[in-house]
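Going in written order, the chains are labelled A, B and C, and every chain counts its residues from 1.
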Amino acid sequence: MNSLLEVSGVSVTFDGFRAINNLSFTIGPQEMRAIIGPNGAGKTTFMDIVTGKTKPDTGRVVWGERAISLLKLSESQIAQVGIGRKFQRPTVFEDQLVRENLMMAVKRPRGPVPVLFFRPSAADRERVEELAGEIGLADQLDRKSGELSHGQKQWLEIGMLLAQEPKLLLVDEPAAGMTLAEREHTTTLLREAAKTRAVVVVEHDMEFVRRLDCRVTVLHEGAVLAEGSLDFVTQNPEVIEVYLGR
Amino acid sequence: MRSLLAALAAVLTLATMALAQDAPGPLQTILQTYREPIQKSSRTTVGPAIAALAGSGLPGAETVLQAWSDRSLWVRKTDGFFAIAETSGNDLALTDVDSGQPIGTAPKADFDQLRPNSGIKSVIASAMVQFQLSSPDRATREKALASIARDPSTDQLAPLRASIAGEADPVLKAQKERLERLLTLRFDPDEAARVSAIKSFSGDIGVDLRAALNPIVATTRAAGPAVPQGANVAQMLTPGSSALSEDEAKALLVSAGILPPVITPAERAKALVANIVDGQVGGVAVADLDSEANRSAAYEALEVAGAVPPAASDADVAAAMSSAVFYETYAEPSPAVTDAALVTLRSVELRLALNQFIDLALDALSLASIYFLAAIGLAITFGVMRVINMAHGEFIMMGAYTGYVVQQYIADYTISILVALPAAFVVGALAGIAMERLVIRRLYHRPLETLLATFGVSIALQQLAKNIFGTQARPLTSPDWLGGALTFNDIVSISYIRIAIFVLALIFLGVFLFIMKRTRLGLEVRAVTQNPKMAASMGINPERINMMTFALGSGIAGIAGVAIGLFAKVTSELGQDYIVQSFMTVVVGGVGNIWGTLLGAMLIGFLQKGIEWLNPSNTLAAQTYMIIFIIIFIQFRPRGIIALKGRAAGD
Amino acid sequence: MAAASTRMPLLRKHPSLLIFLGVLALFTLAVTLMSEAYGPGIISASFVKTLGKTLCLCLIALAMDLVWGYTGILSLGHFAFFGLGGYMIGMWLMYARTRDIVVASLANGALPPTPEEIRDAVAVQIFGVVGGNTFPTIWYFASSFWAQLALVVLVPGLLALVFGWLAFRSRVTGVYLSILTQAMTLALALWLFQNDSGLRGNNGLSGLQNLPGADAIPQSYVSIWFFWASAAALGLAYLLCFWIVSGKFGSVLRGIRDDEARVRFLGYPVEGFKLFVFTLTAVLAGLAGALYYPQAGIINPAEMAPIASVYLAVWVAIGGRGRLYGAVIGAAFVSLVSSVFTGGRVPDVNLGFYTIQWVDWWQVMLGIAFVIVTIVAPKGIGGLFDWFEGVKSPDRKGEPLGPDDGALREKEAVE
């Protein structure tokens, strides 16, 4: 099977609490996927495992055509093979300029020595301008990113992710706290991104998921409950039970 | 009538004296035999006289020796008649040495008093030990035993043995029997008796036993053409081996007279200087004598010329080395005895190591309880508030000074300690509250800045203490009932102060567990530790909890200060000496768990004592090694022994 | 800082760099012209030494700012590296100087001395005080100036490399790391305090102010030369640090300070960056020490006590973290004011019931001032410059981010 990321049989326990329970998940190279599920379903933990922040107790996480095991890599190495992550709250470097934020994210050698001798080339600067245009911050480049509005920070973070040129984008609740117009912009950005790479969106908001128009995976108690189109999974009685029942 | 009586008495006296002179008793005979050395009163010559008296076996000998020592033995100038006498005015009331009966009076001028000096007195005293061994007074017998144990000699063996059968006191009897065996193994002429005495001590860890055995197995090294006849050889040595270096072998050859003395560079230089002729020595210009090679060439030239005594050449040394044998001999001639002594010593060493380990473990335990007391407050505040309080050491110091101040007002040490403990808690707690409100509360969620700000407080408090109390150490005296030590045997002992601190640590562990598990405060503290936000949303006021925990932690630091002050001098740097160890305890133990702190304190206490034991001469290096160990330990358990897992642990 | 200006050389792009270097050059010139050696002698040789030492302290403060102000590693161990640098150069100074003296005294003997005699006599001279008469192994290179100079860089650098590798590899961060660096400093100081450390125990190395073979040159000249060397070192180090922090490397460092995990998810090997900065600053600290102690004349293990490294943090905090000139200003300001107060140059204040003697109360004042600066003015003296320029700090919503773990809060909020 031609998959970009394959997670199989992964379990993780925190002090006796099973956050992820024998989870398996696969995504192809150019696919958009939404992950939904109630609180505590293990969505964030799942992302932590893929990005190397949490090491699972059992299971395999395999990446790319060369089938590299991500479990042996550090967070920075995982990021370098091409997995980008966007956190729920915007985490940009507030004390630095938008330009600096983007320049840091642009895909270039990441080791200390090349970074020390790095001086931006014309191409790099162009790339930054271009990204800024894409995320609608072209005229904000020389502002400190801490001065941006909440939505702008979200876009800046997405811009930084795009600058990394990842093959897989993990996005955690991108629409939280956004105005309607900002949401539309975000949807466009994500769908644009999904044309050239895999995108996984974790989201609560069904409306936003519907707008993304993609396959949906429903997580519950650390395992996959259902998978398919949004309409398909919302008809699933178990999903209804989990979301509406009790 | 009076004159008649006097005349009668005089006649009687004369008669008895005449009688005594007619047939001198055995003691009188001995005394008169040795009259000259006794009167000369010199320690070097008086020995035989005392030995003869003591060895006579006569019932009156003890009294005579005692009288001599007490300066109440007199000798008549005319004929050397000895008598025990008491002065009464110008006369002496005489007592016969043999019979112990009064024999009348005589003018003082006729007699010489024997005045033994302290040297002679000590010889007399040791001779009298044999009599004291059977003395009816228990204290005297005890003293006599102690005196033998202190300075054992061959001639004490027989009287000691003789006294055992008649000993009624079981304790003293046991002591006598042990001492008898100790004397037997050293002085008994019968080899088999010595060997069996040595074997009987197998596994005994008494210091006296080792003192008795060690001279037996003491060895000396020597070199010679062959091993002397009858020598009790411990081992043969090969030069250049680890047991005997080339240089040591050379020194042995020199002292055996096989090699001429090795000339030192300084001596050689002196000899060269003495032989400078026309700016040359042995054909070498003085200016060229700035290298080893040239100097020895010059010296050899002088040797050839006969100007200097020949020094051993390398060839001489090699020849002597190969022809001579090197050996190590026991001073004790009997191999059976030395073998038995070695076997017994080996068994003793094993037991000794075990006991030393127990002693060390007790030491380590008390150190651990000190670290626990010092670190527990730190662990609480760090666990609950994620705040490192660098001024914690100064809170400890404040507690110690509180103890000192209380002692200035309350003279009774017991009461003052009982007052000082709560007072120190209050002082510490108040200081903690003040710091929490003024500093820490304003720096929430900036842990590094909190660390630095509390460091600023620490600097200020330390200097403040210096300004108030001065730089010299202040004493904090412990009550008498805490003095002394609980002694199990010659090796294992622990001072009562350390036991008290251990008990104090146990009490605090108990109190802490009670507060945490059984009270509302404990519940809230645990809630805030695990999830501050959730706790806040459930109506727990985190600010109040933070203040309470800070007060608790700082108060315990104050009490730890009193405890530490009891055995260490109270200075403004007292806190600093413990703060790094306290941090290590918290870091090693893991945050937010009292058992972790306990384990951390144990680990660090035992580690420090263990390293000190391996390297006893150098406690500074021991501390260095310990810190290096901890840095490496952190590699394997970055979150401490007991670490919070999962999301609660934060990053 | 428009896009077009990015190709301009460092100096023109950042006027503050030019200002700093200019001020340093003017200061050096002024001191030189007022010194005993090259001017009317308004400034005594000993005060020139004080100024030279202050420049060395500014240099280590610069290193501290790079590692703490920019990267967020609150190291309480940089004074250990400073001391090690001092020891390394001190070994050569002491050896060479003692050797000169020994050779001179042996030259009066009847025989010309052999190399062995000279070596033994030097050893007795140096180690007699701790009961030794032979050279420990660590003095193997002491006879070579160049070897010891290399060790000034290598020893602190290697220690920092090994320690940093161990600490960063196991992800020890925040206060844990601070405590660990403090423990390292303590371990080193304790080690040096013992007599058989081979570095003369608590006697330390002394007589370092005398340059070997330069007895004829008066101290007024030697002092000004060291002053020049210190100023040059500070200038060069400032340039180096500025170059490091002005580019993308600086961006990454500040990123690590504010949100280490985020930098990791961008693909940067955070541990490598930290190790690089930690080691580099340790080397700078070592160099600063190597320049400082010849001017101080004596070095002993007490200089490396953990508290010294805390004072270093105090200087940088008072000067203003995260800006290079802040560190320099802080170190210069606090150490000079401190020497004024503790030197008894400020008259005592008589309150009637109590006389405040500044020698005693200065430390109390410093401690309290430090607490106040930390709470009220986290930007330190450097904040005044912002105020002059009217530069406002970014309007941050949520918790303040700064050279602390503040960003952790935001991250916690995510989960």
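Of note:
Everything below uses one rule, namely that contacts are C-beta pairs under 8 Å (C-beta built on N, C-alpha and C of every residue); 3 or more make two chains touch, one makes a residue touch a chain.
Not measured: the values here are computed from a predicted model.
Chain pairs A-C and B-C differ in how many C-beta pairs they share in contact, with the greater number at B-C.
Among the chains present, the centre nearest to the common Cα mean is that of C. If you average the CA atoms of chain A and of chain B, the two centres end up 70 Å from each other. Spacing of chain B relative to chain C, judged by their CA centroids, is 45 angstrom. In chain B, the residues touching two or more other chains are 647. The residues of chain C that reach two or more other chains are 261, 402, 411, 415, listed in rising order.
Within the complex formed with chain C, the residues of chain B that make contact are 265, 269, 272-273, 276, 286-292, 295, 388, 439, 442-443, 445-449, 451-453, 455-464, 466-467, 576, 580, 583-584, 587, 618, 620-621, 623-624, 627-628, 630-632, 634-636, 638, 647, 650-651. Considering their complex, residues 72, 74, 110-117, 163, 166-167, 169-176, 178-180, 182-184, 186-188, 190-191, 193-194, 196, 260-261, 306-307, 310, 313-314, 317, 360-361, 363-371, 374-375, 378, 399-400, 402-406, 408-409, 411-412, 415 of chain C touch chain B. Contact residues of chain C toward chain A in the complex are 1-3, 6, 244, 247-249, 251-252, 254-255, 258-259, 261-262, 264-270, 272-273, 275-276, 394-397, 401-402, 407, 410-411, 413-415.
Contact residues of chain A toward chain C in the complex are 44, 51, 53, 74-77, 79-80, 84-85, 87-89, 91, 93-96, 100, 103-105, 110-112, 115-116, 118-120, 125, 129, 141-142, 144-147, 150, 160, 164, 172.
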